[in-house]
Each structure stands twice: as C-alpha cells, then as structure tokens.
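After this come two complexes, each holding chain A, first together with chain B and then together with chain C.
And then the complex of A and B:
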C-alpha cells in the first residue's frame, strides 16, 4: 500500500466524492486573471472528449487572496470543484522560477486525492496560463486512458532562444542519465496513470528541502526511472501570465539545475546502468514557428562569461579539472565571430558541477550560482549558431548537444565512482 | 499501536554500511574526559560524509562498567557519563534526519550484579518470584558440559553468593549473573524494555551473547531450542509492534549453528559471520585463498530477507574460537608475535597493527569486506588506520579515544589529559599526531579518502549486499576470484592475496561476449571470449568489474 507520508494533510471542501475516472487538477495562486479561462478549458475539454467518463476537477489553491477561488467556481459552474487545501510552508525564501510557494504540497495533495478517488487518469494544469485549451485535456489524458501510457509530458513549441536552460542542460542531461528523450521534462503540466500515481506516493522527495522548486522535474524522473510508459503531447504554445517578479537568471539557473543535481544521488543505481537513450512517441503535432526576430545582446552575454572567467575562475577550480579551465581561458579570449562553446566541453562542465554539488565541495548555492557566467557563455554560443535557423534546425542543434552529454556520461560515471577532489 | 521505523525500506539492513562506535570513545561534548551523546551528535556530519548508513552503539546504559557496559544495571536509562535520555533522543532525531539508522545493544543473557533485579533476587527467599529472575543452585556441578568462555578470568560458570547462600549461573564474568528465561516474568520484562526503545525510534538491536539464554542439563547450554523460542518471541513482538526494525544476533558459532538464528525468517534478521574473519586474515598471511573458500562453502544459505554481518575488527579480541587448533596456532604465530596481544581465545589488536600498518593490505581486506555477501561493519577509527595499546588491560587497548586532530587529547576532549577515560594513542606510528581525521581530511591520498570512496562505491551497487556469490577456480591459489550477481548486475571480483604480482587465467566462458568494466575508474577491458581471461594483479591488488553487454 502506498504511503501518503506523515506530513500530508489534505482537506477537501467537497468530501462526498468517492470515485472518478478522470481527475484534472488546477494548481493556483492569485491567478484571478487567468484561472477562469483555464477552468473553462478544462471543463470543456472533459465534456468534449471524455463525456462518458466520470470526471472531476480539483482546485489546489495556495491561499489566494485575489478571488481566484471564486473565479474558478464560477467558471466550472454546475460541474463543481473539489477544492483542496493543504499544509503550505509559512513563508518562502526568495522568488521561484516557476510555480508558487507550496507547489509541492499542492501536487502531493492532488496525487493523494487522485489515489483516493481511484482515478484511472490524472492531469495537472497550471492556473496562470493564457493558452490552456480544451484540446490540452484530450492530449494529456487520452494517451493514458486509451493507449496505456503512464506519463504524458507536454511538448511546447518554443522559439530558438526560449527555454535555453532546458535545451542546454535539463533535457540533455535528463536524457543522458535516464535514457528517455523527454524534451521538456520539468513542465508544469502533465498527465499520468493510476499506476504512476501510486508510485509517486512512494517517492521520498516530497519532504526534501526545496521541493517546490524541484517537484515537477522529480515527477518526470520518477516516471522515467520506474519502468513506466512515457510519451509526449504536443500542446502548442505555452503562454504563462507571470505571478511574481521574475527570478534573476542566477536564481533560476540555481533552482533548476539544483533540482536536477539533487536527485542524482538517490537515482544512482538507475542512471549508472542506463546506456544510450530512446525517443518517446509524441501525440499530435505543434505548429511550426519561424525565427521570432527577438535579439539578444550577444556581446553582453559573452562579456558576462569573460567577467566570470576573471572573477570566478578560483571557485571553478574546485570542480573543474585544469584542462577545462585552460579551454575556458581560450574561449574567453575568442572574439564574437569565433565564439563557440564545444559541446563536449559544455557537457563535461555540467557533469563536473553535478559531481561537485553531490560531493558538497562548497555550499550548493555558491556553486550553482557560479555556473551562471558559464551558462551565459554557452547561451551566446548557442544563439550564434541558431539565430537564423528553422525549428527543425534548432532541434538538430539541440540533438548534437544531447549526443555530447551521452558521450560524456562515462566521464561522469568515472568521476562519480571514484571521486578525486581537485583541491 | 505500531511504531514506524526511520527507514523506508524494511530491508534497509541489507544495503547498510554499519559503523560500530562506543559512545565513550568517540567525542567528548562536555569536557569531562568521557565521550558522550553530545559529542557523538557533533560528529554526525563526519559519519554522514564517511558514507556509513547505520550507527551501532555499544552499551550506554547505567552500569558499574566492569565489562565496558555489557553489565547493565538499568535498561531504560543512560549512563550519567554519556549524557541524558534527552541527549539520546536528540541524537536519534539528528541521525535520522541524516538518513542514518541507529542500532543499540540488547543484552538479554545477563545483567550486572548491581541491577535491582539481582539485588532483590539475592535477598528474596529461595523459589520466590524475585529469586526466580536468575539461575540459582545449591551446587556448582550443574550444567557441567557448558564451557567457560572467559578462560583467562573465570574458573567456573557458577559463583557463590553469600547473601543468597546459593550459587548463581554466569556464562561470562561472575559480576554478570544470567537471567532465567524459563521464567515468563523475565521474558515479559525484556519485551517491555524492547518497547521502550522501539517507541524511542531505535532501528535495531544487537542481541548480545544470544546463544546462552537457556540452560539444560546434559547439554553445552548453547543454541538450545528453548533459546530459539525466546528469540522467536522477541521477533514476533517486534513484528507486532513496529516496522523497519532489525535484530542482529551475536552468536559466535559455526555457520551451520548460526543458521538457526535466522529461523524461517522468524528469528534474527542478521547474524555475524564469526568464522570468516579469522580465515580472511589467515588467507592473507598464507597467501592462499583456501581458508576463505572453505569457510564460505560451509556457509549455509539463509532466508532471502536475512543477512550476514561481516567485520574485520571490532571492540573485542580477534576471536579464534571458531578455528581448528592448528589454525589457532598459526594465527597466534602470524598475528601475535607479542604475547601481550593475546587475550582469552583471540588477539586483541586493531586492523592496522594486525597487518603491519600496510596500506595495501588494509585496502585489500576492506575490499574483501565490502564485496562479500553481507553487510560490512566498520569499527570506529579503522577508517583512519588507528592503532592500539597492548598495555591497557582486557580489550581496552582497542577502545581508546577517537583521534580527531593533532591537538591536545587528539581533539577528542578538552579535559585535562589525566581525566580521559583512557590514555590516547601516542606512539610515533599510530599516535594522534601522526594519525587523525583532520590530517587525513587534508590529504586526498589518505586512507580516510580511500575509505569514503570505497563506501560510496559500494553503496551504488546493491549486488554486494543482496547478490549471490560463486567462486571461480583459477589454478593460481594466490588469487581469489568470485562472481556476484543480483538482478541484471554481474560483478567479477579478483583479489591477489600475495605480496607479489600475480598472473591469473579465469574461466569466464559463461560470460562470453560481455565486457568487463573496471568499477572504480569505469574503464572498459577487452571483451570476454571463450578462451581463459587473462589478468595481472599487482601486489595485494584487487579489481572489481561489472560485466556489461557490449555497446555495439
């Protein structure tokens, strides 16, 4: 029997529901501007595609004070909501790159409720979106109900310069480690099966520090490492409405990459045995989008990298081997037109940071933030290479990065197996 | 009421790395010269960094300390020198927060003669319920077939009590009267004591001296069915009241006799493999694998959820009870040239001095410990190669203060050196100024770093704790080679027991097509074919290989 953990406490405003075939949950926090549209999209999607099933909409609200709850109730009308309240952290320390404080608690409450209702399929949609559509519900739920998949990961269309942390770090490393080509594995929307819901409840990450930051990624990792059937669903464009002042790049990077690294120790018996990677089926097709014309100041990015090399090189020597430091010096001296971050060098750097993080060679936040200039350097190099590229050309470029991560995985394993401290 | 344990996996002990530590010896938190729970809690980060997953605490109960705490005067409290019950609770919470399990001692067989039960018993009239807590006799001739264990100090298993005007039974020191397990009231008392610690959150219990619980005339009073019935009752009680707990049997017996302590998974979860340890040392000195292979072949299979506890050294002497007379003579000659090193039927030395402080031999022995089927137990201080003091009595020479730094008292205590419970090791080879945690933390080539890496590596492979073992039979007897398997993992271990380079040809034809990948460096070796697989092993060298399918 699945454990629900000792820290969990859910209260449901509507307690008389005992079963549902489908559960679609909306995670909300002060989203009065968008929650109504999201709730209507969910309601309409369920009615249109799953009318013959018993379906319920959950609202996991993190204590909104702007009328979010009322807007959601109004939007779903007669269908009603199961409103979840749950134990939330009293305060948050800093801005989250996505989600909201208590997101992990919200997800845990959702998963527990789906489990209690014996739902065959469960999906999660964030309330802060402008772009949620009824078709999303079909694409997140149907693969579970009709095709036997356990985890449906969204695939959003993005411009070349969007989601670069995912393109340059999260996807390549996730794929190399766990052998599954989920291109956006830390997404806030997903669909999952009853089997996977049970598996989630047995995971030990719910009570970790920083769970709200990492939980989306860890759910994908748990699915990828647990022998479940995975697929992607093309959902088109994701347009979030910002809840908070956006986190700065350094914070965002530290949170995302920290979540990725934090899971490695617990999954070591899986990722060290996984070799190669396999594509997953994709449901539907997203629209082709061309270059968006947005221009980033590449000189500034490169200068940030050079400044980092000058100021942070001493910190890097705690995790990066001398040969890498030499390569970075050469790169810092390269002019813009010849500024190219070698993929294998980049993969090696990320692996070295992952290793240093897990070996606790210095406080994790210091280490992760020192990655920022390296990332800006890689970002500049990547954008230089894809600035006029089509979507498929960008995909090809990302594929090359991924292959470098796969090729360098042996390096990570060898360092992991027999750590050699550099200082 | 069910008390949940701290581990999520009920079989946590199968993957554990246990660290044995006497509270008094590890760290003194209140500067009185004796280690305590405050100090131990301060050093949890060290243990976490070392990578061990379970702490086994030697007895910390109120006691006259005539047998280093194995003479318990109160099972529900803490010896004042080590702190308070609150200190222990804080320690438990802090250990569990670091995902460290904690195992304590449950000395079932006997109490201290200072225990209120014994004081009450000796004053009570014969055949009274109070008297019946212990084993009494009007003569010292009963149970004559039972051997005397502490031959250096005790002449008989009976001692005369002038107050009771009767003899009482003791298998160990005479200040440790044996409890009477034919009395249900004693069993009930012990189960209540168990509840006390289960509720506090202790993860496991080492059942000290467990073969001796019950006595019967005409037997050697060891391993009796009645004793097993008591253990089953203890296990049943744990199953009924708690989750994720473990019982570890200290039964210094031959493997076939120890097997009974696992029962049908209804007695102990773990038991020490006592006879393996001296044979590992013997094989190393003989430069011949035969003693190891022989004892492992005599080792019976145990239930799936049970586990052997393996160790190189512990707080007692290197016991030679479970070897033949010839083997014992050999071991004395090989490992205790100094007669001071001999005690009872064993050798009272730490790991490093036993092997002449030879780093390669320490590594090889640790490699064996970590790759044999079972859960390794590391004795505190052996991870930095601490030495011993043969001039301290009994087994105190291997129970000296932990050497943290090169400062006063080795960083163990801020007390006046004269107040320390034991002198710290000070000789030029093993002394705290030469061997300390601080020094080895600043040296990436140190034994401490090596141990951390080995522990880290072992934890990455459940095959070592859970897998099967098959020996290969190369013609070179100096090489020990074996296969460990668990699920999809196949591991080949090859060990050179000799001081010189050795060639070896291994019959790996059953694995033709697989590629050996050396585990420490993740280095691919040539693929295995049908011909004998040739390896060269350096002096005291050992390799662990994963046998992987070819990438192509």
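And then the complex of A and C:
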C-alpha cells in the first residue's frame, strides 16, 4: 500500500508512486455498506477496459470510523490502494447535503495526486453508491484517453421526481449562464484530463468558505468556462445510499443554490458574454425508464407553497418585483388541477434571487432558505405535468424550462448592470 | 434722615445694578450658546439628512431592522429620525452648557450630573439598537425556519422570538440607566417565568393530544417519499 501525505490543503501531496496513466479516486465517509462494491467495480473496470495501462486507485476517506478503510482495502485486493491523507475538518461543520465532511479537501488532494502522478486521465466516484458498475469507469475514462475530451460529466437516467433541484434550477441556470448543456453540473462523479487537472489546481475556489458544498459544481463551471472539451457519459441509474446526516430540503437547496449564486460574481465577464447554449456529445446510452411509481403528496407541497406565500411574501418583496408577487398570489389561489408554475416566472424568480444574493440584500442563509416554499410550488407544478411521462418526455419538459432560463437571461443581465432601473 | 434714606436707596440700587452687571454677561453668553446650539442642531440635521439619504440609509435601516424605531417616532423615515434625534441631543447639550454659563449653582450641578449620565444613555441606546437588529434577524430566521417546517403558526413564533429579544434588550438598557434596578429583573423574571409556565401547562394539559399527534406526524413524515427524494 502506497502512502500519500499532505498535512495541509495547500501543500502538494508527497507520493511514493511516481507515475500512473489512469487515476480513479473514491471519495468516502462511513460508507462501509457500499464502499466494497464501489471499489470492486473500479478495480474490475480498470482491469477489463484499461488492462494495458498503468492504473491506480485512490481512496480519499474523510475519517470513517465504521470500517470503510478496511472494506475498501479488502475489495481492491492485490491491485493496491493509495490512501490519501489530507487535512480533514476537525469537526463536522454543520449538516452537508452530500454528508461528506471535508469534501473539498479530499477533492483537492485527489487532483494534486493525479497531477503529481502525471496521470493522463483521472476519475472520481463516490463511495456511497449502490449502482456503481465497471462500465462506469470505461465511460468516464475512455472519452479522455481515446477521444481527447477534458471533462466527462455523468448523465444519469432519473425518475421525474428525482434530482429536481438539478432539473429546475442548477442545470437550466448553468446552461443559460455558461452555454453548455451539462445535465448534472453538481454531480459527485466525473472524469477529467491532465490538462484540466492542472487548470483545477490554479483555481481560486479551493479556499472559499462554502467550498465543501460547492466544489463539485465549481469544478464543472471551471471546465465549462476554461475552453475545455466536454462530454457526457451515460451511466444509467444512480442509486445513492443516504449517509448518516441527511440534510433537510431547505438546507440542501440553500447549499446547492448558494454555491451556484456564489460563483456568479467571479465569472461575470464570462456569463454576460455567453449567448445561447450548445449540446455536448453523450458517450453511450442509458436505459429508458417508465413513469415512476412514487406517490408524492402534491397537496402537501402546494400547501407548503401557499404557507410560504402568506408568511414570507414580505421577505420575497426584497428581491422580487411587484408583478412577480402578483403572479405568485394568483398561483397561490389556484386549485390543484390548475396549479401551474409558468417557466418564465420561475426563471425570473431564480434570477431575482441570484441578483439579491449578490447584492447582499439580507443574510444569504435567510434569502436562500426563503426560496424553499417557491421551490416546493415549482416542484408540485412540475410533477403534476410529468407524473405519467416517460424519461424522454420528462427530458422534453426540462428542455422547456431550460429555454425559459435562456430567454430570461437578458433580464438577469439587465438587473445586474442597472440594478436601480428595474427596482 | 432723608440723607440716610437716600444713601440706603443708592446702596441698594448700586447693589442691584452690580448684581445685574455681574449676571448679565452670563445671560448673554448663555443666550449666545443657546443660539449657537440651535444653529448647529439645524445645520447638523440638514447635513445628516443629506448624507444619510446619499448613503441609502433608509433602505439599509430597513434591512438591519431599524425601520421599527423610525415607526415609533413621528418621523417618516429612519434617516429623518436619526437626524432629528441628533439635532435634539445637540440642542439639549447646548441648553446644559448655557445653564453652566449662568454660573448658578443648581443648574450647574444639574448640567454636570446630566453630562455624567450621557455615557450611560449612549450605552443604553446602543444596547437598544443592537437588540432591535438581533431581534429582527432572529425573528426572520425563526419565521423562515417555521414556514419551511410547515408550521401554520410560524408568524406567532416569529413574533414571540422578536418580542422576547426586544424585552431582554429593553430590560438591559433600563438596568444600564439605573432605572428600576431591583424591580426590573424581578418583574422580567416573573413575566418570563409566567409565560414559560403558562406555555408548559397549555402544552402539557390542554394540548397533550395535539402535541402527540404532531410528533407522530413528524416522525411519520421522515419515512414519506416526499422527504426521501434525492433533490440533487
């Protein structure tokens, strides 16, 4: 077993192993139930598809106490596991939506190690998955090694009610801002090239306050805005096992959307110049899945939105223009069967919140958490529209949302440039 | 005899004139100081209004939770309220200084004791302002949290938090001013303890079933599909 030490997130890791063509990293924290299967999938994927290459498996463990390390070592076997040691947070700093403390430090150590090993391709897989398969490694690495792509983003097949923050906010806004149609910009799995690894090390987001929750998204943004070749890899279904400290909806929303908004100010020159969006190639094909059988309580979601309108309207008026408040009032009075959140209204609301976030109209946590009832309203409307749809029909619906975000981007630019004019 | 009367009259007149002559410069200086204080107060008020409006103080005060203070006064905006308060403080200080210039013993003592009291008043004011800001922030945080937890009486919780913090701030400020030093903590303790006891009795006796139902509902919710959905 090789040892890599890094006592500081800034210092580069010291590596005994000097070279590897491929590096696949597993990010883990108390994942004893799943890490063995994930490590075996990585080992088998490397052996099956990249047997002629020198490959290494890294494990970035955030201080598991449940035997995750032993399970991973056992699963990898003779191939050997490089266990990264890096500066871990002293204590769990609040609830994280992904349940992985010190994720940014882990990812930084992985990127530093890949750079030190002169790896031609690097991939990251989360250890909390039930669904990792050897084919994933091929899909994440091959586009970099053989097709010359720099960033491989996962493309998961998901039911209509899954990943709605991504479908309704992150993907449409990412796409409208940076002009790249990556469906999972905040994914916890990806593949990247040596060139992109070097670019990542030059980024200034590693030392931000919210890096632990924003790093996955910011890595995708760095790839999309740095002129790199991007593609998506169809990985099929993603089945995460929930970690011990699952964040509630409000926390998850605040962390993900906060990370997206935080990056806006730093990249204002890029997104204000970007027009339209371009599709990225998809490697492989995922299975078509039918309508999901989950019975979501839509009335409860809508009631949550109505309660939010009654009690938080005054707070919303700090960022939302009066006409939006009027539209929300009409929506709050609509019965279940006619409850429909207009796409342009939704896009405008998200842009107004992004603008308010960067203008610091109130503490960021208050602003972001006050978005939750609006999100539940949009969620209810979206599920009402796609509850009997196939995955391709859901994709079409998401495409309409994205087009609304692209159409409303002009509004965001106007607000950003002339804040008083639209007040 | 007439000569004696005339001499006494002259002496009395001379004493009065001397006393008036001694007192008059003080009055003149006092009036001049008062006039200066009025002028300074007016100028400072006008300048403050302009500067604060230029700095968008009204909007910021609303965000910081200071708008409530302006609502309590007759002023229409926080910047006007601050300007008015400042001008009144300057005028009041001018009055105290002008009283000292009269060289009268009682007004001078009053002025000196008032000057000694000013730091306490400023500290109390700062406690009130800080309390107002903290109350507003905590109330908003409680409101958003309660709404996101789908609690129907979210507004009530928010108001309770706000007034609890405000009451603590007011009690601290009054204690700092030395007003009702022994009565206030007792009164506050009685009121606060009474509220907590009443709430505990209400929940424990009157709303026992409601609480158990709510807890059951809450525990049950965690296993519902809505909350197990992977949103990311």
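Here, the second predicted complex is superposed on the first by the 402 of 423 C-alpha atoms of A that agree within 3 Å, B and C clash if a C-alpha of one lies under 4 Å from a C-alpha of the other, contacts with A are read in each partner's own complex, and residues count from 1 in each chain.
The working rule: a contact is a pair of C-beta atoms (placed from the backbone, for glycine too) under 8 Å apart; a residue touches a chain by one contact, two chains touch by 3 or more.
Quick caveat: nothing in here was measured; it's all calculated off a predicted structure.
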Following superposition onto chain A, is the placement of chain B relative to chain C best described as a clash or a fit? clash
So, A:301: does it touch chain B (first), chain C (second), both, or neither? second
Touching A:410 in the superposition: chain B (first), chain C (second), both, neither? first
For A:204, select first, second, both or neither according to whether it touches chain B, chain C, the two together, or no partner. first
Just checking: does A:338 make contact with chain B only, chain C only, both, or neither of them? Give me first, second, both or neither. neither
Is it chain B or chain C that touches the larger share of residues in chain A? C
Considering only the touch criterion stated at the top, classify A:256 as touching first (chain B), second (chain C), both, or neither. second
Tell me which partner A:418 touches in the superposition: chain B (first), chain C (second), both or neither. first
For the superposed three-chain arrangement, which chain B stretch in 112-120, 274-282 or 436-444 runs into chain C? 436-444
On chain A, the residue positions that both chain B and chain C contact, one per complex: none
Can you list the chain A residues touching chain C in their complex? 97-98, 161-166, 170, 186, 240, 242, 248-250, 252-253, 256, 294-297, 300-301, 303-304, 307-308, 311-312, 315, 318, 361-363, 365-366, 369-370, 372-373
Please output the residues of chain B touching chain A within their complex, sorted ascending. 8, 49, 444, 449, 452-453, 456-457, 460-462, 488-489, 519-523, 551
Okay, in this complex, where on chain A does chain B touch? 3, 204, 268-269, 272-273, 275, 360, 410, 413-414, 416-421
What residues on chain C touch chain A, complex-wise? 63, 137, 140-141, 143-148, 150, 152, 154-155, 224-232
